[in-house]
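We call the chains A, B, C and D, going by the order they appear; numbering starts again at 1 in every chain.
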């Protein structure tokens, strides 16, 4: 309850700074009997890993995750799963400048004001590096959810003013390009845009869409732990996210009820079919059985080479230029992170749902 | 932790269905010594109350709140504050139709599938009536925060395609019109739009903006209980909300870092001034001392008089028309509810902040 | 998380002072479909109710509980169950003395120091009257657990130096005497003792034993939410309780491992039988399938007619005599309260157990 | 909330099995600015460490703790503190026997029934080795509490039928003997008893007393998160603990109110003095400012060389003898663990207390 954990039954608690000895965490609540190895987690970590192409930070961290507990002879035992990723690329550098400056748009100032001290090396706890642990935990959640038939996928749908064509959406394409774009034709547009941004020493924002398929009906706990509310929290907690929407989202503010209610029909299997999915798979805070669709908006990182005015720790006016290894579009690597946060949220709500499912009380 | 409570130290737990005996709840964690009376809560409840003009449901509930505990001789005692609002307008009517039908866009279907039973009268627990209790709890949070110099205000900024002119923003105007519009000139546009929508038996979505002033620096608990993450959860948990954004929000996905970082300057009082507030008063999940700005998108209610296709409890194809007393724009009455949710979130984070503030440990 | 709620999935949150308008609370997490009426709760409330014989306080409260939500057409709906018990016997009296005095052994002083204000009427929130709500919530838990085959019973096993003969234990006897004694012959001893204590204006302590039968194997969440740890918390949270033990409890500190390990044998049904139950049905924090046995020690109430030295709110030395309606042995009425706390704890752990039970993950 | 964490604001979450790669955990909520090094934690770990004399298990683990995050330039930063203790003495041995047997009095059977799988090596998660992490976390809590003037000490007060003479209590003596006995003369009795127990291949129970001095008035959150209730949970969660009592504890069940109420007097400093401390420093669930006194009873370990009847995983009757390195009295090494659990509980309640302290609301 002190801020570094998320989830009630399936719960990830994390620790670690960008340039400290290690990142790590604990995954509680994973049921026993799930086959699990470090390789299972590494797949997702590798998707998030920086230094793989010119569009992400040059920092080269192998991001090798170790499982320290909770797995025995290749399967989970029901006890907490300890995770650790050592920080190996703690490049020795001179922090004397950044140590005294608050970078605009960064958490430097608030950490310093809140705590009176901050680990200024590489952003400390506020570094996007922290999300590696989310991805590791999310990979466990994802594997657990797979046993329930749930698949979670995300894609980059816009970068700055460039956007994909939804008609050309192909999930298989996502793994083939460095942008996680589901539209092969948009890759050229993203490339051109990002090369320009990099050349200018600037950064650019992005939109990510996450889709979860195979979720059963009724996951979510109204009225406060609604599934959409918990997804909003989980996604908004990712660095640089400034907006979250479900289904048709913000657009629904402009629409009419007669257009946006998802009509229902008798389904093949005695269930229900929906004519559309403006609701994004969630009604009244609970899953409808349709695909769950969430989108998140990420701001452009403030780590740019264009000078900005700021102040230092003793209150003097200063100018800052953020040199060094920074992603010009943090939205790209947010794609696997968003998947992880949705996986963690759904795994938790699946267990919460199961706790009361299948009872016959009278 | 079971879904009907929100907050860690300042916590509201609520209960109640639309047509049950009463709504109620418990506010825990309010410090002792705060002057508090039922009249303090009634002010906000009256702002949310339906039946006050032709733009909201005709249901007439006095929504009189009773304080059942936690207040003695006019001030809080530090013990939990019990709240109750009796449901007086349980209009006797024939529910035989709605009892068997799932209204598209409503929670009917998921409640029934999750629980195998539902209180179909007036939407049961999924009724917007549930938000009355949030407003009551929020009024306590608001009064507590006022002692810390925090003010929370919200306004309707768009309805369907009509929107306010931000240049004409006047907080005093909000209380003068039935739309909570901060722009007097927009009132005519909203009126025309909503009269058309009502005449058509339709409904319309809306956007609400909440602004909190006077919040100190450093409230919020990274990395998961970030202030923005908790605000996103609190606001997304309101009925009909489908999107939440902080500061420049979704727009930041389209922008450049060079435009969107809020530059900093030495402030008058030895503090820091910001050149802009794209961040919406939150960096790294913690308050910066600037105004906190959040926006929420509400979908048009699905309770419309235009026929929609649906199914019934035995799986037959049916058509449904929702007659009766319904707000054509639920976004309007969401304004005081949004204020309440922000107040509850900030009160909780203020106490969490205080728990470690002012210590000298070496 | 702010102190007035207990349980993770099955959770009771309570409010209310002895002489305020009402006691009340919220039971979250009760699955849908459980037949439930106010009469179901009243049975247990009537067992706890004061004024039924000369051995309990003369305060006469009908303690009528109202269910305000969560039940529809006689069964639970899965939504939170609001509960309220109005305080009807708020006898008008002169509190001018007690208002300024701290009664030794009471919470008066700490409430005043913690909060700077206290509701001194009848003990306020610290009154044993608060336990009525626990009994109401516990009755719901008990009814839920009955569907899982779990029975929870408690009895008074000692009062001061008088104790029952365990050889004469008869559960049916418990309901037949005013002491909840399972030993008919002990009733005379308890009567004589308590009459003497009352005549002397004094009070006396007691021991209560709670037994839960029918609990499955594996309920409990090591290492901190062990079933025994959660039972200890639940029972120690009852007013006047100063000690809690499980199984052979404190006695085990004096024993040898060779005597106290419960040997195991192949059971009739392919399961396991135990030769003894020193463990009290819990090993490693999880239920073994045996009877769960817990005992609690209650101190004699400090509300006695024998003068005691104390101080008043302005720090002067004073003498206090507690006149009025007080139980000379609060341990008696703690019997149904202890059952309720065990029921609440087990219901919560049953749901937590169910969340991961029956999965096949590979 | 999934069982491996304890505390609301100051929170320890732990992971790790006896023979897995490592034990570890996360301490959340430690305020920034506390000087902290691995050496600070090692002091307490060394007190708990096995293999230091003939009365504890021969397992030799250096139990070196690493701090992985949350400390920068020698002081805490307010971010979570990651901890890790590698398991170095994973002696290669043959587990084929124990793998199939359930040791009576051990958690083997319940882990297997709950999860369908268990890490049988050295007790897995149920090993007392898990408590090393508690001690590491507790050392941080202890250091934090020291800044508030709080001291926490524990001692062994009884082993089997041997007990200390309270008149000879000397806190300085505790560090001088291998039993943590506060009575130098009792050391001979404990030695003789334990040598006999060891020679017989048996084990023996013990009683531990913990005393916290310097706690302010009003820590604790009634009615469920009472300080005594949270202490009971924390202490009962320690392996082998079967009973917990506060102040005069179980004895109070035998006494009279006229003897057991702690009378109050005007104190020197305008405060209050108490004539006695039967309450153990807690009234109404909140600290009184007196010493907090708790006692815990530990059962004799079931790991003995005397044969016991049991069953195996396929349900056959078997006999088991636990060879190997086991403490004949686990109560001894529970002394620093008990201190740690009290420290963790008090640190949490101190922060919770601080969240609402010092406010002026009208």
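The rule is short, and it goes like this: contacts are C-beta pairs under 8 Å (C-beta built on N, C-alpha and C of every residue); 3 or more make two chains touch, one makes a residue touch a chain.
Everything numeric here is computed off the predicted structure, so don't read it as measured data.
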**OP:** Average the CA atoms of each chain to get its centre, and name the chain whose centre is farthest from that of subunit A.
**Re:** C
Original post:
Counting C-beta pairs in contact, which comes out ahead: B-C or A-C?
Top reply: B-C
Original post:
What whole-number Å value describes the gap between the mean CA coordinates of subunit A and subunit B?
Top reply: 26
Original post:
At what distance in angstrom does the C-alpha mean of subunit C lie from that of subunit B?
Top reply: 38
Original post:
So, what's the distance in Å between the C-alpha centres of subunit C and subunit A?
Top reply: 45
Original post:
Out of subunit A, which residues touch more than one other chain, so two or more?
Top reply: 1-5, 8-9, 14, 29, 32-33, 75, 78-79, 111, 114-115, 125, 222, 352
Subject >> For the subunit D and subunit B complex, residues of the former touching the latter >> reply: 1, 8-9, 29, 31-35, 75-76, 78-79, 144, 147, 222, 351-352, 354-356, 359-362
Original post:
Which residues of subunit B touch subunit A in their complex?
Top reply: 1-6, 8, 14, 102, 104-107, 109-111, 113-115, 125-126, 130, 158, 160-161, 197, 200, 202-207, 217-218, 220-226, 228-237, 239, 242-258, 260-266, 270-272, 275, 278-280, 283-289, 297-304, 306, 308-311, 315-317, 331, 353
**OP:** Would you pull the subunit D residues touching subunit A in the complex into a rising list?
**Re:** 1-5, 7-11, 13-17, 20-26, 28-29, 31-33, 66-70, 72, 75, 77-82, 84, 111, 114-119, 124-125
